[in-house]
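Naming follows writing order (A, B and C), and every chain is counted from residue 1.
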Amino acid sequence: MSAGAGFTLGRLAEVLDATLDAHPERVVTGVATLASAGPTDVAFVADRRHLEAARVSRAGAFLTSPEVTGLPAPMLGCRDPRRALAEVLALFHPPTLPAAGVDASAHIAADARVDPTASIGALAVVESGASIGPRVRVDPLVYIGARAEIGEDSVLFPRVVIYAGSRLGRRVIVHAGAVIGADGFGFIPASHGHQKVLQVGIVVVEDDVEIGANSTIDRATLGETVIGRGTKIDNLVQVGHNVEIGEHTLVAAQVGIGGSARLGANVVLGGQVGIGDHVKVGDGAVLAGQSGVAQDVGPGARLTGTWPRPVAQAMRIWLAEEKLPELIRSLKRVEERLQALEALAIKSAGARQ
Amino acid sequence: MSAGAGFTLGRLAEVLDATLDAHPERVVTGVATLASAGPTDVAFVADRRHLEAARVSRAGAFLTSPEVTGLPAPMLGCRDPRRALAEVLALFHPPTLPAAGVDASAHIAADARVDPTASIGALAVVESGASIGPRVRVDPLVYIGARAEIGEDSVLFPRVVIYAGSRLGRRVIVHAGAVIGADGFGFIPASHGHQKVLQVGIVVVEDDVEIGANSTIDRATLGETVIGRGTKIDNLVQVGHNVEIGEHTLVAAQVGIGGSARLGANVVLGGQVGIGDHVKVGDGAVLAGQSGVAQDVGPGARLTGTWPRPVAQAMRIWLAEEKLPELIRSLKRVEERLQALEALAIKSAGARQ
Amino acid sequence: MSAGAGFTLGRLAEVLDATLDAHPERVVTGVATLASAGPTDVAFVADRRHLEAARVSRAGAFLTSPEVTGLPAPMLGCRDPRRALAEVLALFHPPTLPAAGVDASAHIAADARVDPTASIGALAVVESGASIGPRVRVDPLVYIGARAEIGEDSVLFPRVVIYAGSRLGRRVIVHAGAVIGADGFGFIPASHGHQKVLQVGIVVVEDDVEIGANSTIDRATLGETVIGRGTKIDNLVQVGHNVEIGEHTLVAAQVGIGGSARLGANVVLGGQVGIGDHVKVGDGAVLAGQSGVAQDVGPGARLTGTWPRPVAQAMRIWLAEEKLPELIRSLKRVEERLQALEALAIKSAGARQ
């Protein structure tokens, strides 16, 4: 987990805009967990629950918040330790591009365009008319269909499948096994069962999108399925035909998005959320894990549940539900007491008459 | 998105049994969305919400329902516009079979049978004793295990895996990354943990089935897992061992079907539905998205929810739940008032004595 | 479904510690379902519901429990018929290792270590520094990244992807399409959207683990994602970065486990369960299908639902919910009756004064 000659703590403090309590000249060569770090590693103290592990860590330095004291090695005090970790990881793991060029075992159609700075791995297949941009990395066993376009600096991990005609922007990352552009699920009733509606549209993936392993993004029936710029999609996610997702939206693992749904920008979908066909989800909406929505969701809404509700209301109902069986019994007793009182009232009314 | 020399509007009207209000001699060469259509495209007006987009579309003709008027180009009035769209897509996109033959880079076992009219793509692997029928299309990087059978006119998209012994019927479509015939999840308790139960059955996929990208259909422990004729399965669906699905059933994305479950014909499962092991679902049952069933479901039932209920009842309960916290408070007040009345009744009874 | 010369029923009775009512010299050569078995097959009678099918089966012998009588062929009476089935399947289907050696079409980096007893299939890719142990079976089209390690007797089915640095133990089985070691879903907010947190940890899969088709197990941000010894994972399961799963845990299909979650030993997760980020699940806990947990679960708990509850309580609430709409109406009537009584009480109090 180390890279090159390492960095002095003084240099790290400067880059991270962090405080440093000792040994600016000490050199660290890697980042590691508290448990596995050695004297040449910097380790990350995520929060106070990890202080005990930090006290017995052999790390050569700690990334932590400025309030922390008393650790057994120099401390880099950072206002935002998570961001500092991201920066340190990037420092110690600079991107390494495989050598440019096409592996001799790859199958490249005669009329495909592969930029000379791109790298095409072993046993990859690039079909007729496809276009692979500058510095693109195509890993072994990837399939790129006819006329597909892959923008500069994108990375396709092993075994990705890009169906014919799909267009990927710049700096797109697609993890192993993802399938971009398979047919949408479109059928109409016919006398002999279900008749397939041909799916002749495409998928457009804009710049800076990341797509997780084994996720599937269907081509449009007509037109385009669109994944907006900067949106991040986790593993095993399903995106239906003609879906449009806005910019910088986060889609956690195993989410399913039905055909023609529209998601805004900066939406956050928790794991296993389901979005119905044609549903619109407004900018900035947050849906908790396993929520299911069949109706439109307004901008900024924070919902949970199948047939979801606002999170606070759902919590109140969930707590109230625990009292429901007792409530039924209580009401029965109330009705009996009421009946006794009514009988008494009738009797005493009779007595008064 | 065009095919060949195109069609006159008059010819389209004839084929679609549609009305046409003008220009029967005009030629269109493709189908496109309202937004992207040009003067040689026919565009589709799905419903009244799209009329505004249609009025500013540059399309050369419109597919629409007969009531619509006033669009800026000739209108093909169809009783069922969705069906007409399916027909027009098929007209403009006739199937194109890749050239018959086996790519030189494919690995075909010496005793595999490949029909001379089949097409086997680059880097595909066909194992010993497998059989590939007439006009089958096997895309690059597909794996077909020993003794597997693929029926005529079937299409296996890139990277499909067919395990040994699986049998696919005619006109079956399997999308990229789907895995047919992996081991079922079968274990028995043993002193040292879980002991694997060997899975020696097969998967049988009948005619006209379509299976989505990255879906998984497990082989039977013994005997057969069966996907009935004409059934359509979306992406990322799991079908457990020894499941039997009837004819013309629709299974949306991310559904999971437990081992030995039995689904009837014409069942509809919404996205992310879960069916428990050994559960039976009757013909024509409809389960809404995210439903989970652990007990048998009768024919024609329309259910929703985990531990599902009839849709109408579930809706009533969902609405009632919102009043639950208030209900608890109301009952508390009722009990207090009741106590006060009872105290009064005791007092006045005392007074009367 | 037969293997070799078969076994006499007497020998089977001995191996299975079963009773046998007739024909110890009869030879059976395979295992089959009741419906498909012929005179040389032994068939399995799972429970009393299958007795009718057994009575008309053509099987040469039956595996059943000792109480069963009156079947049309010799009966092997086993105290635990499911276990006996597992043993008989193993007897009739002994493991067959493909011939050792590397297929000429595989791509093996010069400095990868492949044990001479391992088998590497057609078009597999093994990257620099990877290590393949004794008797490992690597199927066609598998990708093994740089420095990955595969322990002895493991099996990687076609098209598995192992990212760089992952470590698999001994006797691990990974089914087709599974992806081990893709990046975790880690981003931090940045001025221009979401900034990727590099994922530089690894995945460690311990001995005797089985991983289902198209499942995805993410590498750690730092350190290790760990799948404990003997744990079995079904198809289409997502395991997030830095997750640790204990020994002998069962994870059914389509489960999603969020980042940094900790699962104990002998946990059972039903299909489509969701576990939130950082959640701890104690040893032996059982979560029913589709449960979702955002908070820690104690050892041995048996829960169900999103925001789950103990199964018995959930069942009581579910039953009570059906009365909820009626409950609201009842309470309204109670309030009216109470008001009438109160009015009466005030009047009669007035009358007494």
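Note that in this section a residue touches a chain if its C-beta (ideal position, glycine included) is under 8 Å from a C-beta of that chain, and two chains touch if they have at least 3 such contacts.
The structure presented is a predicted model; accordingly, all values stated were derived computationally and were not measured.
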Next on the checklist: Between chain A and chain B, how many degrees of rotation does a Cα superposition need? Round to steps of 5.
Outcome noted: 120
Item to check | Equivalent interface positions on chain A and chain C, same or different at half | outcome: different
Item to check | Centre-of-Cα separation between chain C and chain A, whole angstrom | outcome: 24
Next on the checklist: Using the touch definition from the top, which residues of chain A touch two or more other chains?
Outcome noted: 123, 141, 159, 177, 214, 236, 254, 272, 290, 306, 321, 324, 327, 331, 334, 338, 341, 345, 348
Checklist outcome for this item: Within the complex, chain C is touched by chain B residues 107, 123, 125, 141, 143, 145, 159, 161, 163, 177, 179, 182-183, 185, 187-188, 192-198, 200-201, 214, 216, 218, 221-223, 236, 238, 240, 254, 256, 258, 272, 274, 276, 290, 292, 294, 306-307, 309, 313, 316-317, 319-321, 323-324, 327, 330-331, 334, 337-338, 341, 344-345, 348, 351
Item to check | chain A contact footprint on chain B (complex, rising order) | outcome: 1, 31-33, 35-36, 44, 82-83, 85-86, 89-90, 92-93, 105, 121-123, 139-141, 157-159, 173, 175-177, 208, 210, 212-214, 229-230, 232, 234-236, 247-248, 250, 252-254, 271-272, 289-290, 304-306, 318, 321-322, 324-325, 327-328, 331, 334-335, 338, 341-342, 345, 348-349, 352
